[in-house]
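Common to both upcoming complexes is subunit A, partnered first by subunit B, then by subunit C.
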Partner chain A sequence: MEILREILNKFNIVHAPFILDQVNVPESDIALIEGCVLDGNQAQVEYLKSIRERTKKVIALGTCAAFGGIASLSPGKQADPVDRFIEIDGFVPGCPPPPGLLNDSAIRLMEGKRIVLSDRNLCSSCELRAENMNEFTRPIDAITPGTTNPVAKQATCFLKDGILCMGPVTREGCEARCIKKGVPCEGCMGPPSQEYTSNVVNFFSMLPLSAELRDYTGMVFRFGRPRIRRETKQ
Partner chain B sequence: MNSNVDLCTRIEGHASIEYIVSKNELMAVNFKTDVFRGFEGILRGKHYLDAPRIASRICGLCHASQAIASTRAIEAMLGVQPSASARAMRAVLMCGELVKSHVMHFYFQGFPDISAVLHDKPLGLEELVRNNPEFTQSMFELIKLGKDVCEAFGGREIHAISPAVGGKSFTVFPKEINQTRKHLEKIQEISRPVLDDLLEDFHNASPAEDFAFKNVAFLALANEPGVDGIYRQDGKIAIELPSGSVRRIAPDGFKELVWTEEGLRGYETSLDESIGLLVGPMARARLGALEVDDHELKDAVARAWSKWKDNMLFNYALQLVDVHESASMALEILSSLSGETARDQTIPDTPPNPAGTGIVEAPRGTLIHHYASGEDNRLGEVDLYIPTRINIPLIDRMLTTRCRALADKGLAMDEIKRRAAMIVRTFDPCISCATHLVTHRP
Partner chain C sequence: MDIYEVLSHPIRRKLLLILEREGYLKHSELMDKLAIDKTGILNFHLKQLDELVSKETKTKAYCLSEMGKAVIRIIDLNERLLKGEELPAEVNKKGEISRVGVITCNCTGEVSDCLDINALDAYARKITGVVSTRVLDNLCQEKYLKSLHQWCRDNFINKLVIAACSPKTHQHVFEAMFDGVVDRPNIEIVNIREQCAWVHRDDSYRDATLKKAEILIEAGAARVGLQRAIKVKTVQVEKSCAVIGGGIAGMTLALSLARAGMQVHLIDKAPTLGGMAARWNKIQGMADCSICFISEMIGEIKKQKSITIHTNTKVDNISGEIGNFTLDLTREPRFVDVDRCTGCGRCTHICKVEKPDQYEYGLAKRKLIYIPFSHAYPFAATIDKEDLETCKACRICERACINKAIALDQEPEKLRLKVGAKVIAIGAELHGDLASFHHDPSNDVVTAPEFERILSSDGPTGGELLRLSNDEPPKAVAYIQGIGPRSASGLDGVNQSLDKLLARKYEAAVKEQVPKASFKTFPARTAKVEVGGGEKRVVDSSAKAYKADLIILGTEVVPNPDLKDLRKKFDFTLDDHGFMGEETLSSGIFGVGAVLGPRSYNEVVFGANKVALDVIALLSRETLVSDYTGAENNQDKCGLCGLCARSCPYNAIVLTSDRVVVDKFKCKSCGTCASVCPTGAMELNVDSTDKIRKSIEVMAKLKESPKILAFCCRSCGYAAADDAGLKRLLYSPSVLIIRVPCSGRVDSNFLVAALEAGFDGVMVIGCKQDACRYIDGFYKAKQKVRLLQQVLGEDGAGRIMIESMSAVEGNKFAEVVTGFYNKLKEGTKH
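Now for the complex of A and B:
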């Protein structure tokens, strides 16, 4: 809320249907766009285009706008990021975007600078990062920790503990808040690079995944689908 | 027959109001949500320990309610009871969510309309911020306090990660409990004078005809009189009919009252077609779930309630009552928290029950997740009952009735549209939640 106050002090909000009655899209300096486009919805695409035509800088805010988001899991539906339809000038990933990154990005935008994101994965700054990340002594067969062995706090790398964590193929920048609370990474910050599919293939080829998890479609493309996707069992 | 569709502004999400005109006569007015995300389809086939994390993504405002309803449905399927401590933690998290959600709606979306109706002073956002700096400051602080409570008890300010099947993902430590206690006390301190002024304003005004309703049934998860339980988590499904009679049903028998069929705009109910169904703070107050302890506040609510109980504009006042009283109840609950290990229960390998129902009162009303057990620890069929969708038939009925009456009086279409949007906003519709209908079955 502090940053919203600062934004209200420095900028005029000219279009925000959530809080303003203004319906038409006026000329503006910065547009922050949330949400994905579902099934190429024509009204949404036209809306995006009208924003792009009238705005100097367009930023995709959040993982839905940046990668398609959770609706990517919807069977029979196509959730696309906004850059599928218009050119963007940057994005702030996360579901939700982490407060630190959001504040930094807002300040940079107010100063007329580009948004800066790390291109490293979450493991690079994770306090549970293990040595020998490519050696696993136990199969990975769980998606949540401790259901049969309650622990006060996760002390070792989830992957080493047999629990699927998407940290290795997820961009850092969230301060590993879920991991610090004992919950493995779901990957909501999105991929650290454009080569997500090959990264995921490499990552999963290293892991001793159980057959059940190997077939599980809930995790790998949870926050965005690649443009070409092989059919997998639901 | 012509259809004229206008974007409905100052609501949560993207929706429109459709005006259907035939031979220059306004025939019907409908609230339209036309983007369907299909969360039932998303959840179907997912591992039952993974579902709450996904369900949380249904909505950025009532994320905790969605995650907790999902968790409870799976716990019912597995025959697992979370500990008192886990339930208390969920209650405090739901309080933080409610404070943030209700205050955002009240300040950004409701207050300009309240000012227009009660004081004949329409307000834009800029005027609201510039002309009311102290009020604005207090509203922003309440939103931040709600967010901080969510962060402490949910692990993140949005899309909580603490609700876990069988208990909770992490333990809240004494330092965070003490900090949250201060936050909750501050929420009460800030909201009370605003609430007192608002109730006085309502008491001094005549009920606005645009927002009046009749022949409505109210539905909420509510404890029976004299029975203790956690607000918005415990109780039976209670329904008050227009006659005043109240019926109570065990949560897993909810389909006696309300059920879904593919393609419907709202839900099918066992009620007569002429009766509208309403969920949310109005229903919670009506059915005794939302109780006020403080005598002075109780009297002030009762005074205003006696004039406005059949009027949706009063929903805004009840949202603030909800904020104040939820903080009070969360403070009581905090004292029952203890430092247990993270997860409280052993989860059975195979669900003993073929289906499970999880019901909570989300800020906007009764939220039901109903899951059938599938193969290999995955969910089978999934049904979600979302407050905004339950309210949509009543919204449509009120819009059509009132807009036609205003057209008969000769009001200009622009004025009718302005007032129609105000009717919609009183319901605090959440389009993120409402756009969930299944359009694809395997």
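Now for the complex of A and C:
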């Protein structure tokens, strides 16, 4: 809240389509864009381009704008992140973006600096990380801990416990908020580098996933989907 | 003068730029313009710039020399460099400047038969980053070598694209040709013969073939532009070798090396040479008794002037690298001046205090001051450090010694050696869970080493086979084989061949001295020793009891406990059993004897001679060039998830609590780790991710439809593609190939990126599954591809394929590629 007051002291909000209907995009210093572009919607792409033209800094806010987000799950539809259409100056991932990161990013933006994200994966700040992480053998057969109490504290690495955790392929920066609540990482912070789906495929190819989890589509497209459809020629 | 080195400093770049703009400037003016406040700093940089700047003698003003002007003119491409812009710290400054030269080899018309080589050259000249190009008829003939070197120097070329035949054919030739001019990782070979000209020899392909060759060269130039400098170090080879361990292995090796004229330092922490074998009765397979043989060997060693012996000496620290190590040693005091001691034995005779003799495994007693055994070398008395206080209180030996050799005030002595190679020969230990087999020498249940002492002529029984309990020869002897340490040792099978050898040796020894005695061997796994009622029984797996009056406990050979400690100082690897791993050999650290695992005498000698050859080969070179190509971990990005360690087929990656360590000597640079690293922390320093991704990006510019990108593994897939060329098979020029070290290197992101970039199909071509060059890289690639196919469904499954073939299956390659091409063509029509 503090930071919001500061932001409002320093900046004027000149364009907010969710508050005001406004056809033309005015000139501005910073644009925060939320949400994805669905199926390459031409109107939305034009809108993005006009924002880019009139804005000094464009920031993609949230997982949808950064990677495509949850809409990627819908079959037959293509949810694209903002940077597939326009150049962006940074992004703040997370669904929702973690407060700490949001705060830091806001301060950096006000100071005219670039947004800084960690290059590492969640394991590096996970308190459950085991010494011999690479030596898990138990088949991974669950996506949540089978306990009735969701806040029961997990004592060992989820993966070692046979529970799928996306921590190794997810960017650090969320302060492991789910894991601290006893829930494995779902990967909303997106990949530390590269593209979302292939990053998860690399990871899954190395796990002893059991047969119950064999329908992976829900996991590999949870927050992003590569744009690989071919334009068919007549 | 290395121009890149000179220009690596921003001040020097700025200085050149200012002089170019202003013409003449005095020293003080230069200081102002450059904002330098100390004259020494400016003088230093002016000196570094050397020939590039000259000084007017009259006006004392500085200006650019002719060469300086030339440099400015030639390097104008690197505008931002000259502006004094700071370069990112992680990028090696030398590698940042990238001036690419392109050589196109026509292969005596083989290439120009299929495409317009002049058009190709014209295209290459326009590629960003390329500063100059050459077209040659026959690069491999080496007749233009001098002019090519001059060309590189004139144009300040530090990176080279050679568009010619397959790297399988002439990579080593080309790399050797430019040794000292262009670094090896900075030479990129683009295959325009086997995988381009030869497979598209059809008039209808002519234009497309040219386009493909252009794209291949452009991708090559982009790749090589991203190559970072690999640290190369030239080391003057120190012509000597340290051998740590003066047992049978160390001595054999030291002798071989000395006879070849090498300087050897033979180091042992014991007060004498000889090691374990000196206490054995006989060496299996030799008629000679062990101590006679060892004393002969010690005699030989004494004769060799080039062997320096350091007994009582420990290794403290090691630094340096292969070819030039520094060893810090401590010589522990033996409290007797070796130079004065004649070995007369008066001191041991007069000494009043006794303790168990470790050289007799406690079967006999000795005095506090002692000579280890009768053929010890140096043959001089010694006192154990632990007994020093007792001896200082008595000093009777000091008075008895007529040579005044006793020196109870001796201090440890520090030594420093320079050596080119190190050999570890500290042997192994015999260790087993003796308590559960009722080990008790006084009740005739003895270990194998103790039994060796009983048989030895200088042992407690004077070499007669007698029971220690009553000095009578045994009637029934049981030998229990392979008693391991109490904890699960994981040594299964390691000791087997040695166990058999020992059983034969002991049976022969018993039969020789007491022909009537029976001898029976039991495996420790199922045998049990029962003691009670004045007799001893061995119960075997079928619960049959064998009455024995002498039981020999054969313990297992386990790694020397000092090995772990040495490993902290020496950089070598351990195998699964904890013995020294053989991969270490490239590091200038070698192992001989039982340090590598259980060895018989013959195996030790063979091994020592082989290592001697390796050491001689290493030390006979004047200089060594060390560079490492393989996986590297960037700690700033690493999140310690351990996926790399999980994927490595060679266990070369070790995950500790705070870092990931790549074992340089185990890494074979297959890149499987880099392909699964989610953060990009794990990276190959030659076949890096950014280079491959850049290739995909550039190659996607090819305007053909359908177009296919194939990732081919270096040893099989790529060779099969070459084979198709050698056989002059035909396939479409819209197939582009990227060479990867192993199919395991292929990240699913490469496949997705290729599809996203506009390729209609991607292929991974690797080795036959059971014949993968990197153990299971192909299997891992297959896992990724299958998964990707499954999740992409109809959007992508049919556009990704994985295939395995051997290096001679060019026909299969052409067939598979053409089949895939046709299938995709069908797909694009709808």
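One rule holds for everything that comes next: the second predicted complex is superposed on the first by the 209 of 234 C-alpha atoms of A that agree within 3 Å, B and C clash if a C-alpha of one lies under 4 Å from a C-alpha of the other, contacts with A are read in each partner's own complex, and residues count from 1 in each chain.
The criterion applied here is as follows: a residue touches a chain if its C-beta (ideal position, glycine included) is under 8 Å from a C-beta of that chain, and two chains touch if they have at least 3 such contacts.
Just so it is clear, the model here is predicted, and its values are computed rather than measured.
A.B. asks: Look at A:S124 in the shared chain and tell me whether it touches subunit B only, subunit C only, both, or neither; answer first, second, both or neither.
C.D. replies: In the superposition, A:S124 contacts subunit C only.
A.B. asks: Tell me the contact category for A:N41 with respect to subunit B and subunit C: first, second, both or neither.
C.D. replies: Touch partner of A:N41: subunit B, not subunit C.
A.B. asks: Kindly classify A:T156 by the partners it touches after superposition: subunit B alone (first), subunit C alone (second), both, or neither?
C.D. replies: neither
A.B. asks: Output check: A:S50 vs subunit B and subunit C. Expected answer is one of first, second, both, neither. What do you get?
C.D. replies: Neither subunit B nor subunit C is touched by A:S50.
A.B. asks: Once the structures are superposed on A, label A:Y216 by its partner contacts, choosing first (subunit B), second (subunit C), both or neither.
C.D. replies: Touch partners of A:Y216: subunit B and subunit C.
A.B. asks: Classify the contacts of A:T197 with the two partner chains as first (subunit B alone), second (subunit C alone), both, or neither.
C.D. replies: Second partner only.
A.B. asks: Is A:N134 contacted by the first partner subunit B, the second partner subunit C, both or neither?
C.D. replies: Once the two structures are laid over each other on A, A:N134 reaches subunit C alone.
A.B. asks: Once chain A of both complexes is superposed, is A:I19 in touch with subunit B (first), subunit C (second), both, or neither?
C.D. replies: first
A.B. asks: From the superposed pair, tell me which subunit A residues show up as contacts to subunit B and also as contacts to subunit C.
C.D. replies: Common interface on subunit A, subunit B vs subunit C: 216-217.
A.B. asks: Provide the residue numbers of subunit C that touch subunit A in the complex, in ascending order.
C.D. replies: Where subunit C meets subunit A, its residues are 636-643, 645-647, 655-657, 675-676, 678-681, 705, 747-749, 751-753, 755-756, 760, 780, 783-784, 787-788, 790-793, 795-796, 799, 827-830.
A.B. asks: Please give the residue numbers of subunit A that touch subunit C in the complex, ascending.
C.D. replies: 119-124, 129, 131-135, 167-170, 172, 191-195, 197-199, 201-206, 216-217, 220-221, 226-230, 232-233
A.B. asks: Under the definition above, what is the set of subunit A residues touching subunit B in their complex?
C.D. replies: Residues in contact with subunit B: 1-2, 4-5, 8, 12-13, 17-23, 38, 41, 44, 69-71, 73-77, 95-96, 99, 143-144, 146-148, 150-153, 177-178, 181-183, 186, 188, 212, 216-219, 222, 234.
A.B. asks: List the residues on subunit B that touch subunit A in their complex, please.
C.D. replies: Touch list, subunit B to subunit A: 6-7, 9-12, 14, 35-39, 41-42, 44-47, 49-50, 53-54, 57, 60, 108-109, 124-126, 129, 140-141, 143-144, 147, 155-159, 161-162, 164-166, 169-171, 341-344, 346-347, 376-377, 439-440, 442.
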